[in-house]
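Every chain is named by a letter (A, B, C and D) in the order it is written, and numbering of its residues begins at 1.
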Amino acid sequence: MEEALIAQYHPADEMRCPIHFCIGQEAVPAALSLLLKPEDYLFSHHRTHGYYFAKGAPLRELFAEIYGRATGANGGLAGSQDISHTESRFFGGAILAGAVCIAAGAAFGLQHQKAKGISVAGFGEGATDEGAFWEAVNHAGAKSLPILFVVENNRYATFSDQLKRQQTDNIAERVAPFGVKSQSLFGNDAPLVWKTLSQAVNSVRNGSGPMLVEAYTYRWNSHVGPEDDGFNKYRPQREIDFWKRNCPISLLRQKLEKLDWIDNGEVSQMESEIAGEIAECFAFAKASPFPSEANWHSRNFSNATPVADALLAEEESTDFNPSQGEAKLAPY
Amino acid sequence: MNRSISYAEAIREATDQALGLSDQVIVLGQLVDTPSGIFGTTTGLAEKHGADRVQDYPVSENLMTAAALGAALTGLRPVVCHQRLDFMIYSMDAITNWLALWRFKSNGKSGVPVTIRAIVGKGWGQGPQHSKSLHAWFAHLPGLRVAMPATAFDAKGLLLESIFGEDPTIIIEGRGLFSMKEEVPEKPYRVRFGKALIRRVGRDATLVALGSMVPPAMRAAEILAQEGISVEVIDPRTISPLDRPAILESVSKTGHLVVAEPGWQSFGAAAEIIAAVAENPASGLKSPPVRVNFPDSHTPMSMALEKLYYPGEQEIAEAVRGTLKKS
Amino acid sequence: MNRSISYAEAIREATDQALGLSDQVIVLGQLVDTPSGIFGTTTGLAEKHGADRVQDYPVSENLMTAAALGAALTGLRPVVCHQRLDFMIYSMDAITNWLALWRFKSNGKSGVPVTIRAIVGKGWGQGPQHSKSLHAWFAHLPGLRVAMPATAFDAKGLLLESIFGEDPTIIIEGRGLFSMKEEVPEKPYRVRFGKALIRRVGRDATLVALGSMVPPAMRAAEILAQEGISVEVIDPRTISPLDRPAILESVSKTGHLVVAEPGWQSFGAAAEIIAAVAENPASGLKSPPVRVNFPDSHTPMSMALEKLYYPGEQEIAEAVRGTLKKS
Amino acid sequence: MEEALIAQYHPADEMRCPIHFCIGQEAVPAALSLLLKPEDYLFSHHRTHGYYFAKGAPLRELFAEIYGRATGANGGLAGSQDISHTESRFFGGAILAGAVCIAAGAAFGLQHQKAKGISVAGFGEGATDEGAFWEAVNHAGAKSLPILFVVENNRYATFSDQLKRQQTDNIAERVAPFGVKSQSLFGNDAPLVWKTLSQAVNSVRNGSGPMLVEAYTYRWNSHVGPEDDGFNKYRPQREIDFWKRNCPISLLRQKLEKLDWIDNGEVSQMESEIAGEIAECFAFAKASPFPSEANWHSRNFSNATPVADALLAEEESTDFNPSQGEAKLAPY
């Protein structure tokens, strides 16, 4: 899907929004897609596509959103980095760590209402530079919130090496003394990722408190957009080569082939099904209308107040006597 | 006959009733669960409704707002309390990049009814980190409602309207108002956003007063009445939405406008009110409008300078006299 | 003859020269040390002046601003860069509760010359979290200077003036302006805060344009000139301090005022400009002033809506025509 | 001193500002007062008096400040919770964690300029709820900054127990994996506090990177002001009694008497010297004038720009050509 989007990105200049591709980082979202239930909430950082998919949100609405169409998941208002799909309980956003804090609130809401479901936050190691992230970790630990933090540690925030920004590359170790159980792992071994996340999801689901899983992985592409950002010389070629050799999809395929669980025919069939689906998504997006009405006010405010209408009376205030002294603050 | 209760008691009563009316309502804030209870506005509520519903919060203001948003997604209607608006500045990201734009960004599919109570300190040496009112900032943000209740009646009605409304709201509460009493109905009632109140009908000049400037504005009107000047006092009650038509109607009657605002002058709310009137061809302004604000300076601690810093009824009355003379 | 360089190159040159002029100058920001260098404005500077002086910073915006303040106490003159103003909102506490009030609170004994560069995204689907301009917020704060350079010349001169001045400053840089070229002197020079520039002399109406609205305002003036309408275009260049006298003088000559501002209308900077004119008895306004702003809405991603959202020269020209018709 | 201030607080209602007394928490600031040098920076939270004193700032200016007089350390503009004394490199402020971040910046400034001196931040365990605090810790660790973090862990933020807000009461343990060496100790044993802080100060001074010292201590008084806040029932009487029995000053005095290093006569002499100094401070404060000029503009902005005057030329801009297209952002 990401490759297909990239191929189409520039030619027509129709996808006009920053896109952070997640090629090379497929394992974590793919594993989550098998583990999350409709009642769970998933909150994503700017690199949204994998997580969007993981929560089972409709693919054609993702394509339409990127194309800025009225049929997009957000009616073309949000784009790739801010996409959400309310019905699927999936919410993304581009400001680092912001969505992690919101995820903590959703976890609290579920816990408070004794509702089924857990809250999951997916983000990169860069977000852990932000103080806001540590407020969420601290609170999750103190309140034993049903939240799973998933860090895809790809070593870079844009072009900045983690070790320029943090003293160690081990976030899992740092959250543990806050009361957040944690585990780190090689994030490109899909079965291992699935197993680890499965245990983590179950642990959080069973009320054992918050967990953090740190998956070491790598992004193949530029930080944003399809153009090569290699001129920034921020990562060595052998590092890129190492991770490309350890592509999560190839590794999985090798393993499955060894086990004789799939054969080439099946793979080709899957590939052509996927290609078909993607083609259908492109067609849907391109055939969809653009949003046309400005409607600025009603886009930003609700027009109705049904709950207030049901619960509150109408009253007129009587005269107010203004010659009263102000509250004395002393001494604070 | 309604009982007369204070502004602080009215807030407490509204919160108590909201907690009673719906399980969705929760209260979050530092020390909301203690007997002192945010200057008496939450006292006893944790005992009555449970410490999980009236919940002490860590000193993590950004998280508090963002978490309220997340909780709202799961169906709750959180009320977030800040003892000082200054502390809440840590949560500007949650307010600006998330809360205010959530409905917009979701294409109208998801609303987050979060109420934020922000108390503005005044006097007794609060100093520059305990006295800022940034209501104009919040009113500048699309997607946020901003209320500035001046009386116990409005404090209760606007808080209930906010809690049970569908949009995020910031309520600016002037600390000096907390002791002021007024007749307040017992039942839970609403005061709608965007509906100004004419607190005193007048002929000669329109005096728009916001929040904690309302009582001194009313006293100024009383002083001026003694001098034969009839002032119409308008209390917009909320500044987002702002009831521009009500202000315009009054000005088109009186021809003169003074705005009294409890905050810095430049780029403040008074500027918006004056601009809204000036740009309207029907306003019929007969003299240049005048602003009564705090000076463009941080708040001094010393009481000697506090006296020079905060304007009161005399300054307002003088401004009205000035605008009438100039016409 | 001066060379013609772009807005981005002018910023880069100013920074390069500042780093050369004084060891006290340092640059902090995410990715300032990379070849892409904040849209070319810091490219090559780390190589030339050292990666300790042009320093990549963790994604910790609040710390970055507070740390710049602390570094200024030890004698440095930090320049803090944000790729988007939206990211900087995490540092509102450092800006509001510390930076803006430091001089005041120290009773004038301690000044903190911190320069903050905030880039405002526009177009190409930046969406609501990558396109906000909150210049009006910053101008509301006492103790902060706020610049909105519209041209390469001003971008260089205001940045240098800020770096070597004594008060904290926020410079709002419109991303759309980065490619625009102008003749720029090679030597390090200053553009003073609080001095508006008359970019085009005119007779019939005053058009005040801020930041990235300056080029479309100039184009609107050109369009109107073809129609026989002579517009005076004023670029305040800084909004704190704001050159109110220059605006007033122009309006008292033309009698008509239009303000074009790259930001939300309500409670924005245009309101302050209109209020400042309206409240002055000498302004001699002959028609109601008009604002040309973004609508009071968050920024849509879709290019179809972006087109409706951002006003350009046509909207400005139409506003000027309107204000002349009404008189 | 604090007791004397309290005795005078209300009668005349002349000290009109919130004061957070530090009775019971004397050991840490007292030890610091012996360890810090003029070139060091000290940043304090709202409970400022001990730290103000620790940096050798003039006592009479503290009293005058609290009385809101023009002769105060800040000319009466700041009051107790925001007091600073620029000449002594002491800076306080009431917003939690804010000053800690500034301290990190001062440490960076010293390191960058290879200047002598270290940066010290004094604060309570409440400030560690704030994400901003963790940004400072992370950065200090990553850059090996010359900063000493001093937490006076008195268990409460106002009336809120640390364990309501944090999962454990051990902040020292949490900062260590960020690369900040740390140590916790019983904070009322003055000689131990001195020894620990002395080692810490030396370690930071010698360039061994950041350190955090967590001193468990207790405040006797209300959170703010002299009135009893016991009606909030946030701490048990036996806890208060325990800590009062372990008063840092009494403990020290007992120890010194046991060692025969001081006798009663010396103590009385010290006490009367201190009483004299305090009386002098009160007299100075009360005799000082109030600030009278508003001067709002020049209080908030500098009038002069000497550096710019020296370095920058005056130039006039030439005509600007407005018909240039805007920068094309694509795709970011």
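Worth pointing out:
Criterion: a contact is a pair of C-beta atoms (placed from the backbone, for glycine too) under 8 Å apart; a residue touches a chain by one contact, two chains touch by 3 or more.
Small disclaimer: the values here were computed from a predicted structure and weren't measured.
Two chain pairs, A-B and B-D, are weighed by contacting C-beta pairs, with A-B ahead. Ranking every chain by how far its Cα centroid lies from the centroid of chain D, the top place goes to A. Averaged C-alpha coordinates give centres for chain A and chain B that are 36 Å from one another.
With centres defined as mean CA coordinates, chain C is found 30 Å away from chain B. Chain A and chain D, compared by their mean Cα positions, are separated by 40 Å.
Within chain C, contacts with two or more other chains are made by residues 58, 60, 62-63, 86, 89-90, 93, 97, 101, 104-105, 124, 126-129, 142-143, 296-298. Residues of chain D found to touch two or more other chains are 16-18, 74-75, 77-78, 82, 93, 95, 129-132, 135, 138, 142, 164-166, 296, 299-300, 330-332. Listed in rising order, the residues of chain D touching chain C in the complex are 41, 43, 73-75, 77-78, 82, 84, 86-87, 89, 91, 93, 95, 98, 101-110, 112-113, 115, 119, 131-132, 135-136, 138-139, 142, 296, 298-302, 304-308, 311-315, 317-318, 320-332. Every residue of chain A that touches chain C in the complex is listed here, in rising order: 16-18, 68-69, 72, 74-79, 81-82, 93-96, 126-127, 129-132, 157-160, 164-166, 229, 231-234, 290-292, 294, 296-297, 299-300.
Interface residues of chain B, counted against chain D in their complex, comprise 30-31, 34-36, 56-63, 86-87, 89-90, 124-130, 295-298, 300-305, 308-309.
By the touch criterion stated above, chain D contacts chain A in their complex at residues 9-10, 13, 15-19, 129-135, 138, 141-142, 163-168, 170, 173-174, 177-179, 224-227, 330-332. Those residues of chain C that touch chain B in the complex are listed here as 62, 86, 89-90, 92-93, 96-97, 100-101, 104-105, 127-129, 132, 134, 136-137, 139-143, 239-240, 242, 264, 266-272, 274-281, 283, 285, 287-291, 296-298, 326.
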